[in-house]
Every structure is written in structure tokens, then in C-alpha cells.
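Note that the chains are named A, B, C and D in the order they appear, and that numbering of residues resets to 1 at the start of each chain.
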Amino acid sequence: MSLIQQKNSVNSWLEFYSQVRHESVLICEPLEIEDFCIQTMPEVSPIKWHLAHTSWFYETLILKPFLVGYKEFKPEYEILFNSYYESLGPQYPRHQRGALSRPTVEEVFSYRKHIDVHMAELLLQVDSASREIILSLVELGLHHEQQHQELMLTDILHIFASNPLKPVYTSSVSMRPHRVGRYKVAGTKWLNYEGGLTVVGNQSTEFVYDNEEPAHNVYLEPFQIASRPVLNGDYLEFVESDAYQQPSYWLSDAWRTIQQEKWQAPLYWQKDEGEWRQMTLSGVEDLDKDAPVCHISYFEAAAYARWKSLSEPGVRLPTEEEWESVAFNMAVQGNFRNLKSLRPMAATVLEDANQPSQMFGDVWEWTQSAYSNYPGYHAAKGPLGEYNGKFMSGQMVLRGGSCATHADHIRVTYRNFFYPHERWQFSGFRLAKDVK
Amino acid sequence: MSLIQQKNSVNSWLEFYSQVRHESVLICEPLEIEDFCIQTMPEVSPIKWHLAHTSWFYETLILKPFLVGYKEFKPEYEILFNSYYESLGPQYPRHQRGALSRPTVEEVFSYRKHIDVHMAELLLQVDSASREIILSLVELGLHHEQQHQELMLTDILHIFASNPLKPVYTSSVSMRPHRVGRYKVAGTKWLNYEGGLTVVGNQSTEFVYDNEEPAHNVYLEPFQIASRPVLNGDYLEFVESDAYQQPSYWLSDAWRTIQQEKWQAPLYWQKDEGEWRQMTLSGVEDLDKDAPVCHISYFEAAAYARWKSLSEPGVRLPTEEEWESVAFNMAVQGNFRNLKSLRPMAATVLEDANQPSQMFGDVWEWTQSAYSNYPGYHAAKGPLGEYNGKFMSGQMVLRGGSCATHADHIRVTYRNFFYPHERWQFSGFRLAKDVK
Amino acid sequence: MSLIQQKNSVNSWLEFYSQVRHESVLICEPLEIEDFCIQTMPEVSPIKWHLAHTSWFYETLILKPFLVGYKEFKPEYEILFNSYYESLGPQYPRHQRGALSRPTVEEVFSYRKHIDVHMAELLLQVDSASREIILSLVELGLHHEQQHQELMLTDILHIFASNPLKPVYTSSVSMRPHRVGRYKVAGTKWLNYEGGLTVVGNQSTEFVYDNEEPAHNVYLEPFQIASRPVLNGDYLEFVESDAYQQPSYWLSDAWRTIQQEKWQAPLYWQKDEGEWRQMTLSGVEDLDKDAPVCHISYFEAAAYARWKSLSEPGVRLPTEEEWESVAFNMAVQGNFRNLKSLRPMAATVLEDANQPSQMFGDVWEWTQSAYSNYPGYHAAKGPLGEYNGKFMSGQMVLRGGSCATHADHIRVTYRNFFYPHERWQFSGFRLAKDVK
Amino acid sequence: MSLIQQKNSVNSWLEFYSQVRHESVLICEPLEIEDFCIQTMPEVSPIKWHLAHTSWFYETLILKPFLVGYKEFKPEYEILFNSYYESLGPQYPRHQRGALSRPTVEEVFSYRKHIDVHMAELLLQVDSASREIILSLVELGLHHEQQHQELMLTDILHIFASNPLKPVYTSSVSMRPHRVGRYKVAGTKWLNYEGGLTVVGNQSTEFVYDNEEPAHNVYLEPFQIASRPVLNGDYLEFVESDAYQQPSYWLSDAWRTIQQEKWQAPLYWQKDEGEWRQMTLSGVEDLDKDAPVCHISYFEAAAYARWKSLSEPGVRLPTEEEWESVAFNMAVQGNFRNLKSLRPMAATVLEDANQPSQMFGDVWEWTQSAYSNYPGYHAAKGPLGEYNGKFMSGQMVLRGGSCATHADHIRVTYRNFFYPHERWQFSGFRLAKDVK
């Protein structure tokens, strides 16, 4: 059941809207004004840009067309905070977002307030002829904002990690007791799946993105999947086997990347006096060997699998269809943003022999599937058609959400996608294996 | 039946070897020495480099390990003519191949002769204990050389097209009569396919590359496929609709590319006094509107399909599995290199209502499938494992061979792959369509 | 007489120190915190970086070596705020200064306060054996800070001009009445100079940089110099003559630059509905045709002179020696930062027939002299030797100070230098002419 | 006396023309066709381009305007072989000259023959009204060709040195006996010069470039100059003192260059099993420690001088005016191209206590003078004005000619110029010293 059905009273819509909007503000609480302004690589956006862009989304797609008499907050924002919607006009260049000292953070918060007031006004107009379309756009807008909330966290981490002073975003007390009491982590097991004809893609009436549809049959060969993601401790072995100097493990594009970028280890790992440590949202900490490896590119995930397959033939990454068939009946539970750990954590419950653990939360899991359209896919009409469809080249699918994803924002059919060299997301992976 | 079985006498092996090797020389006949030396973009290799590298392949993988007492032609060639085999040591940088005036063309031909003499010697040793492995490597080497023969033609065209003097490679008389008598080409029809569970991948015992295996089941939704490729005349409409200025048709990566590269039309098209003309291996000629469009990137193929889908919903590119299921029982016949037209041509036979035309030959057809491993794929051991497997990221699959492909080198399961922005190959496309 | 002699009491030193330090703070008054953080091109530094670096200069060169028991404010600052002093250790990369959200602006001001307290402590130690060397370093540090004050203004203008919102730094009331009552500007006249043997370089005992010494003889041919700088109105003619499309006026390097950078006019000029306007520290304003043209590269100055020479043979830029000989006996007066106009202004007094006007202040004047050492030049020992000497290649000399230069910081022998393509400084030019 | 006066008979002009033209052909004798075609860096031109461009110069500036009824060889050459003359229309991009396999070398030689035939026709028209202007253009064309002859040699060396096979251009027997019998080289001495008012620039009526005029007074402080250039042995000490890792010796721009380009030693030096060797036109040879160091950038020359000045204060590079005043009365003799050694050589005669040796020939000597116009300089009208004037920014002056310069092409006032980072010319340097 979609939110549109679920939250059918005015109040519940206003409540949900306010709640999501407030979450963006909460994420900013530990920040200094200076932290809102900078862009440490082209893929990172300044935090204030995220705050403004998510507001622009409502203004441009909902308020301007549907709220009679609405006056835009500032005409220049139309271009300034358009991310990539060609159908909505020109965009301020992405890689120069960090060149804007103005609007100030305060002005951006005023902009948010302006949007919120008018969105409330619109949401209270319960008898609008466009009620249904408005609500579906609001729902999309809220999911869009939740996505940006995750990006805000990944961007904050990049901004802080780029700084030799290594600032701390959160002291993250919530995770401490958690780890103290955890059960001993058992070794990774291979779990068997029969494959065969399976349905992939959304079959519910809940909100999903267009790229999760239509549901369709796929035929899967029998396969095995690892009972848990690859851990820091596992990956450390790979790093210390001199893997970043061995071309044979790496895809051709990957090898070029690690040569050019001089990669030696996952992003945010650093070696201090012989010990590997890791920059996190809580500052630089010792590597937790039992936690899933994170800030890994597809290239690194694929190289690890290739390395592993030398001793254990058939090891590889799962396809997104395999991943979805494994996760199909599992509860969508895990270490999400809601838990406030803001880092992947070691598993804390006894592992169930029949179910893989940590499928949801902790780290997005790279699959070996290139991001493409499902058979019968139709991009939405108008600007929303640009939301997902135009990125269907050159990127790989990740599944399952991460410790920076809101629990309300993830589902078994959710398809995230990034370029194979990108690794500033909370991205890790899990192995699969062919069955002869 | 593989060549190893087919050509089981010494003579037939020597004959096949000589024939393929000679073909490389024949391709060079129209060239001046100057044409062998230059590199007009990083993806292009000097023709003499192709001639040497294909010889290096036999020397390194066959002669050095298997011919007792073999002395290498020149020690420096080991690095100089290694393309990308990390397991065979360092490689001279690809983008600097055009910086080598030496070895001269004559020296390269001497190198070829040296290799040929010793390969003959080895092929005559019929009772070698390694006979079978040698023959399988020879077979691979010959297929490898056939691939490079196609690349030589695409590179010659790029070299000539880059030159304001627009040299002519071949007067191409062979195609003239051909076009005079051709039947009127009927309009494109949509042909129906039921889909369902289908086997994809090699099931024969013939020679195939490792990436064509293993055969496996896939489930296909019902679909339609166009009875012929998109033609120059079709694509011209797209170009003249101002499509290269309309971001909405293009993938995000594509739009960036056409902005940066200032693309306005397919590669090798030029507008002379209001008329579109096209550089070919026969020089600049009028655009043949009935011939398949060629020198098209995946980005352009996808944009065309998107544009078409606005008026005809459901239009898209086929997947490689759809393409293979369509071609499965068709004869592998068409306008191949053997015909010496060296250009895509208009269809010349009455179209069969039940079969698509020009599936093989004329132009490689882009599919919407990212190049990846089939389920259960295992890369070959050793250097040959680098032949296909390490390119499985960022590239798209093309099917069916082109007018520059040798008829002996193509088959229904053959998977070619290039990056989505590349378009100096003889690449075009055919449309598919969803069935509601 | 140097400051060391002039201000020989403890009080006058403290006073001078406090006054210059306070000026840096005053310049920041109109800024929002966001304005302190960003870097809009590699040559621009974040304003908070300037504030910290000028403090680092005292800490590193004075407090650490000379104040017993001094504890550094924060060890990381040693690298973070070193600009280019190789002899003082590694430097945080210049082009990444804008990637640092921390230290915050508040922390930087604390750093300044920390330095100021300890500098006061040191300045009060009147009987130190190192008193003289300390005072000479303080003097250098204050001149260094004054230079950075000018850079802060040029960088603020660049930061604001890069922003589509075009923020206003100062409402600049001080200049308004000024222009109302100004005298009519007479036409430019050529003033004659006899040349001959002339002394160039510092002959006083005042503070100067090492690059202004030693004084030495030069022989000048007779020449003429323009009675005033080239004005916006003059330069507008050049722009509107289509000069930026005419290769013949431009140096070879210049033509490459304007092609690559797509220059059409001086930096900060923009055409709004057919009218040229100009971004200034007071926002976008109409072009004042009587004010000296500003934000001009050497390339543009040289092209203008070349263009002018077509109608008036012998016109060119002056050499720095000619400029100095003209300015030699003139009072160092003009439109400096002290006047708070912060822009070049039209001349406001009746022109003296015998003296060129606006030699000092308004705009730095490009000369045709490459920046090099005077005969007999010796770079200072130690880190101070890096202050000027290592920049003696590829740059051109500018003379006379600008509206952003403090009146205390300029003198007739002062040599400023920038690359010929740089134009974000307050730089303009004046013409000279050969005498047949 | 200019050639126009000297060679006043038809025969002597034809002879001189033929002789210079033939020299270009002779230089190509050791080359394979492949060697004519490639471009190993943007600054290098293919040898066949030099051959064509020098011919284009006569065709465009002389034959087209002055030979009635002249038909151009091929219209496309007008653009293809224009180097940088904006006033003569568009130019094929310099960095893509290596992308042209056609015209073939044979066609280029036909082009040369075509030009030569028509130039002979024109030179025989002794009573042409334009005789004088034609002859002055011919004279310029021949000097232009001599310059390109030197560039051909430097480019051939770059092309061969870029090749791992290290081809040999000439066995260079001419130099062997030469070195066997040479006198012991005495140590470097400092020679004193009084300075004072001196005339610099051309005072003769011989042919000179416009940039050597007008003659003008300069005032020189007293100085010393080294009796010979810096030798390989001297420079080796610098290299082995770890100088390329010591930022303090280097100009700021230089340090950036050596970091980016990873310079460790002069161009063409290589360390083989602990021994420094050097690629030359005779292949890789042991470093001749008594020969002048060569293939040195200005950056390296300046760093060496700075390093030397630490132990011997006042050491620096000479200015071009100092160099010219030293050379003023010396015979223009030395190791030029005519001697066919094609490399700098150790001095072979007893040194004269009163005169510096090797001022002419061997290596071009970097001066510390930026290339600029002399006072009163006027660029020639029309395309010839682009010959020298538009390069007057960012480059440094070199003096004296090299082993690749023709003896007829050098004179005491000759000013060569290159960018401070360029080092593929036969460039070295000599030290000067301040006199206290």
C-alpha cells in the first residue's frame, strides 16, 4: 500500500512531510557553517546545496504548477538548484557548486521555511482536483529528500576526511554498548539457492521508483550466496597480499584507475605507524575487523572476488536478480540510519543457518549487474522521466541500503546505482558462487 | 566441429594458417608506407603495429614455449608488441604506438616472415606431445588475427578520414553493379517473437571465445524486432530534427559526450554545401539512404530509439539474448569482408516476411546489454584469461559482424564489445519493441 | 629611513603592528562566514586562509625562533598555512585550500589573537639580543600582511563575481560625491622624456623588498609617456572593433589564451541588453568610461598597444625603467585603499601639463618588462630568499599600486609581478611611445 | 653587406638558393620513409612537414604574388603547411601534424621540385620591377629554411630518442679523430669585462631578423664571464648532488615542471647499470665529460647557477647584452653543422687567456634575458611581422648557435628564443659573475 493510501488524512501527510523535512535539518546539527559550503570533489555537493535542491524539487514540481498565486522565493534559484533536469531548463554546473558562498546557510534555511509554509498550505487543500497527482509528487519528493539525506552523510564524510584536521561529525555513543555485548561472529557460510524461474521487480502497490518495474521473469542457474558481507578483516588480507600491485586480479578499467589514482586500500583507510585505521563520521578509528568492509568501488569488489576465486573456483559477485531472490522474503531490518551508528557494524545476533545476515543496512552491496532497464520499462513522462532512466549506462547496481539509508527508504526491489570507480558511498559487497 | 578436428591433416592446418596470414598482407596492399605508421587517436593503432602484434602473439604464446631452439626475432619486441597482457610482462604504452618510426614496415614484414617460417616448422611436427594444445593456440591466434584485420580496416578509415586530403583506400568497384540491380527496399516491419525460456551461448563444439560460454537458460518476454537495421535515411531524419541539440533524447553520459566532442552527426558524415556526405574507404561519397547507418556509438543508437519511442511506445534496442534468439536458426550470410564492398549496403534481395534481413554482416548491431560474463563463466587460465574477461565493465555488446568482418570469423553466439561512446567501428543498430 | 629607525620606541612598534593587523580584520567586516571559505580558482585563496597564513608568517619566522617558551597554536597549521616556503617544510596544496571547512573562521580569529598576544609579549622585550633582527622581520611581516590585504580584496571580488547572485561587498558611498564634482577630464597627452643614463632601484634606507635592489644605471632612449592610463572608454573602442577576434593584434601565447578561455572583454565586464556593465566590489554597475580600465591581463594591454600602434606608430607599453624614471620625483599620492573607493576612478583634478596623472593608485600598470633580477641582486638568505627571487621567470612587472593597495605599502621602486594571462588583480596600463 | 648585394648576379642567387634547398634534402638522407611521418611531442614536427612548410613559404610569399601565371601545387597545402601565419589564413593544428600520412614523402619531394623549378624561373627574371623585394624575400626564405634545418635535426633526435630501439642517425665518424688528438682542456677561468655604455643590436647592412634591431645603447655593470660553457662533467656533479630533489635551487615554475615531468637529469641522459649515458644522433654513447652539457632547459641552467652561487657568490647566467658585448669582436667560428659532428664537443685548441672559447657553435647558450623587443623595434608589415614579434612573451633568449646550426646562419647579434622549460634543442649555457 502506497503512502497515498496509507496516509490518507491531511494530518498524516503533513506529519510525514514534516518528519522527513525535519530529518534533513537534524543531520546538519553537528555542522559548523563552514562545513555547509565546500565541495571536495565534483561528485560531492555542498551540504547547503542539498538543503536547497531538495526544496527546489517541491517548489518546481509542485508549488509552481499547483499552488495558485505562489511566488517563487528567488528567481535565480531556478537555475542554481536544478541538479540535472534538462527539461526544467539550464543548470548551474555541478562541479562549481562549491564556488558559491551565497546564498548563505541562513538564507537556505529561510528558503526551506518558505517552501514548508507553502507546502503545508497546499497539503491542506484537500479538495483540489489535482489532489492525487500532488500527493504522488509529494511522495516522490520525500523519497528524493531521503536519498539526499544519505548523500549528505556521505558528502560530510568526504569533506571531513579530506581535511588533515580530521574533524569528528558525531561521537556516536550509540554504537559503543552495541558492540560490547555482541555474539561471537561465526565464519562465513555458503548458502544454497536453487534458482529456476523467478519474478524480479516490484509486485506491490507501494511507492517504488520507475526503475523497479515492471516485475518480470528471470531464469537463474543454481547458486550459492555468502552468509554475510565481506568484512574488513577479510579485505585486509587481500590488501596485505599486495593485491593493489597485481594487475591480474583487476578489470582492465580498474587497473587503469588504481594506477592513476594510486589506490592502495579502500577509501578512508590510512596506515598509522604500521596499523590500518579508518576515517569515519566519528573520526579516525581502529579498523573493526568484524565489520563489513565499506567505501569500496565495484572495481575493488570484483578484484577481491577474482582473487578469492583462485583458491575457491566459482566465486564471484551476485547478480542483482540473485540478490533479490535471496532477499525476497526477508524482513527489511538492519543497521540503518535510524540506529544512528552511521557506520557498518559487526553482526550482533547469532547467525541463522538458513538465512544470510546483514542483507539490509550496513553497506550497499555491489552486484555484478550493470544498471539497465527491466524489460517493458517505461520512463515516466516529463521531468520525472529524467530521475532514473537517463543514467542507464556505465553504472552498476547496488542493493540493500546502508547505515546511512533511512529504514523507510529501502525495500527488496530498490536499485541503487553508481559508477564502478566510485567509492565514497557506504558501499561494500557479498560474494556468490557458481554451483557446478 | 572445431578447426582442430576439421583440419586434421598437416596440410590443412598449414593452408589455413597461410591463408589467414596472407589476408593481413592483402589488406595492406593499397597502403603507402606512410599510412602504416601513424595513430590518429589513442584507440587507433598504426597498421604496422597490428602486423607486428599479431605475429608477436604466435611468437610469445606458441613459438617460445613449444618450438625447441627457437630464437626470438628481436628481444625488444616482447614489450613493444604486447598489447595488454599483464601476465606477459610490461607493455609499451598504447597511446604512444604512433611515436615509433622503427621498426620500419620492411622490418615488420621480415618479422612476419620469420614467424611464418617457424610456425610452419612447428606445424609440421605432427607427433609433438603438445600437438593438441599447440593447435588450439594456433586456432586462437588465427581468430585473433582476423579480429585485427577488421581493426586494421577501421583504423585505416580513421587515418584517412582524419586527413583533409581524404585519401581513397579502394575504388570499390565490386559494390557498384551490386547496387544498380537491387530490388526496391520495402519498409521496415516489426516481426514477432514469443520469448519464453531460451538457451543462449555456445552449444557447438566449434571454436568459440570463452565469453560465449557456457550455454544457459534465459527467460525472454515476448518482443518484436525490426526486419532490418536503421538506415542512413532513417537516421538522417533524426539528425535533421535537431536531435543533437535536444538533451531529452540522450543518456546523461551521452549528453556530456556530445557536448564535449561537439557531435552533430555520425562519425564520418560531413555536410558539403547543404548535402550530407560520408567518408568511406572509397573516399567521400553521397550518403546512401538505403544503406544501414554506420559509425554510430551506443549513445546515438540509444538516443535514436528513445526518440522513436515518443511516437511509437515500447521501441528500444534489443538485448543480446533477444538478438541471439532471433538469429539462432538463420544462415550466417551477409555483406562480409569477403565481398570486398567494405561498406554497409542496401539490402539487395526481396525481404522474407518471416525473417529479419541483414542480421549478419553490414554493421555490428549495438544491443542494450552491458558486456558481462555468462552465469558459470570461467576465464581461461594464464594469459589467455586476459583475452576477454578483464574487459567486462563499462562496455556494451554488439552482434552479427560487419562488412569488415571475415565470414569465417562470425557466428550467432559471437559477442563483440565496445565502450558506449566509441564509434569508429562499423557499428549500427536495429530496433526492438515491447509487446504489451 | 626604515620603520626600524622611525618607530624606535616600543609603543610605536606595537601601534604599527596592531594597526596593520586590525586592518585585515576590518576588510572582513562585510563578509558572511560562508564568504571566508571558498576558492573560486586556483589563484584565489579562501579569505580565512589569508587570515591564517599572515599569522603563520609571524609564528614561524618570529615567535618560534625568538620567543622563549613559545608553544605553537596547533601543530597542523605549520603545513596547512605555509604558502610556498620549501625551506620551511611541506605545504598543503595551493589549489586545494578551498577544500578545508576547518579550522572555522572563529578558530582562525582565535589563532590571530594567540599570535597577537605573543607578538606583543615579544615586542615588549626591548633588551633582546636579537632585537634588531626581530624588528626587521616584524617589518617584513607587516608588509607581507599588507600585500595579502590587497589579495583579500581581489579574491573577494573574484568570489563575488563568480556568483550569479552578484553579492555586494560595500555600498561604497565614499566614491559617489567624489564623482559628482569632478572636473572634466582632458584628452590624453604625450609627455616627453629625454632618457639617457638613469639610476633605477632603491637608493633610500627605507624598507624595500630585495628585488628593488641594488640601484643601478640604465640607459634609456628618449620616449614619451601618456598623461594618464588607458580608460574604460578607450578600451571599449578596442573591444567593439572586434579586437578579440583579430589574431593580428595578439601575442602568440595571448591568442591561444583568448581562444581557450573564450575572452571577449576584460574580466568582470558583462553585456546586459546591449550595454556593457562591470562587476565591482559594489556590485554590477554601469561602466564608467572615464575611469582607468581595470582587470586587464598583460596580453590585453599589449594587444591594445599593438592595435593603437597601427594608427600611431611607435605606441607601446613602457618598460619598468621608463616608468620609474617618470615617477621618480612624483609624490606617492592617489586613489589607494585608504580612500575606500575600492575601484579605479576618473581623474578628479585638473591635469598638470608637465606631469602624468594617476601614476600611483587606481590600477597597477603593466610594463613591458619581464620580472627579473637587477644586476648584482642577491636573494636574502634562508626562507626569506624565497619571497621574491624564485618567481623570476615567466612574469611581468607592474608598477604604481592600485585602489586596493595601502598607501603605506607603495613606493616608486616597488615591483609587483604577475603572469601575463592573469587579470583578477586591479591591473590596467598606460601607453608609452618611441621618439624617432 | 647583405646577400642581396653580395650575390648580385643571377647565378649566385640561384646557386645560393639551390645550395640551401639541397641541404634540407641531404639532412634526410639517413632517414627511412617511416621517420618522416611522426610527431613525438607537440613541439616536434614530422620531418616531411618541415620539408613541405619551407617550400610553402616560397610559394605563399613569393611565387603566388610575384610569378605571373603561377599555379599552386595543391590548394589544400595552403592550410596544411601554414605554420602560424594568421594573416595568411587558417592553419592545420600544430599538435596534429603527426596525424597526416598523406601527402607521402614522395609527394612532398615533388612539391619541393615544383617550387624549385618555379623559383628558378622567377630568379631568372632579372628585370622584374619587384626584383629587390623578391630577392629580400628569397633571402628571408633561405634563412627560414636554415632554421628549419636545425629543427629537423633536433626533431630527428627526439623521434629517435623516443624509440626504445634507439636508432642511429649517423655513425658520425667525423668526430672520432677529432677527439683523439685534442689538447688537454684547462679549467674554467673567469674573464673580466668592464661594462659601461655599450651598443647592442645590429649595426651592419647584412641580413638580420627584425628582432636584432635597432642598435641601441645599454649600460652594463662590470662583470665576469666563464672562459667556456658548463661541461657534462660539471653538470654531472650537480645531478649527483641530488639537485633534482632540492627545491631551493629551482625557480618556482621550474620546481613545478620537474615534479610534473619527473626530471632527474638533462634530456637524453640515461643511467645504464650505474653509468650515465646519452642518446645522440649517433645512438646511445658514454657521456663525454669534457663536452658542453646539452639539452638543458633554462630552468636547469638557472638552477645550476643558483647552486654554484652558494659556494661562489655572484655566479649567475649572463644577460644577452653581456653575451653580445663579449662576443662582439670574436670570429664567428666553431663546431657548427658544417663540421658534421652533430654534437657538442670538448674544446680542441689551447685556450686563449683573453678570450672565452666556444662562444659560437656547440650549444646555444641560455641567457637570463627574457625575449622582448629592443627599444624602437618595429615588427615588419604583413605576414613577416608575425615571424618574430608575436613570440615576445614567456620565452628566454639563447645566443651563439649550436652544432646543428649552419655557419652561414649565425652572427653575433642573432637572438634565438625558447620557453624556459624546453630542452630538446641543442641548448646549454655559460656562467657569468657579478663583480663587487
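By our rule, a contact is a pair of C-beta atoms (placed from the backbone, for glycine too) under 8 Å apart; a residue touches a chain by one contact, two chains touch by 3 or more.
Nothing here was measured: the structure is a model prediction, and the numbers come from that model.
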item: Target subunit C, source subunit B, minimum contact steps; value: 2
item: Computed distance of Cα centres, subunit B from subunit A, in Å; value: 38
item: Geometric centre distance via CA averages, subunit C-subunit A, whole Å; value: 48
item: Centre-of-Cα separation between subunit D and subunit A, whole angstrom; value: 60
item: Junction residues of subunit D, two or more chains touched; value: none
item: Complete list of chain pairs which touch one another; value: A-B, A-C, B-D, C-D
item: Contact footprint of subunit C on subunit A as seen in their complex; value: 32-38, 40, 76, 79-80, 92, 96, 98-105, 159-160, 162-165, 167
item: Contacting residues of subunit B [partner subunit A, same complex]; value: 84, 86-87, 197, 216-221, 223, 247-248, 250-255, 298-299, 302, 313-314, 316, 319, 368-370, 372-373, 375-376, 378, 386, 390-394, 396, 420, 434
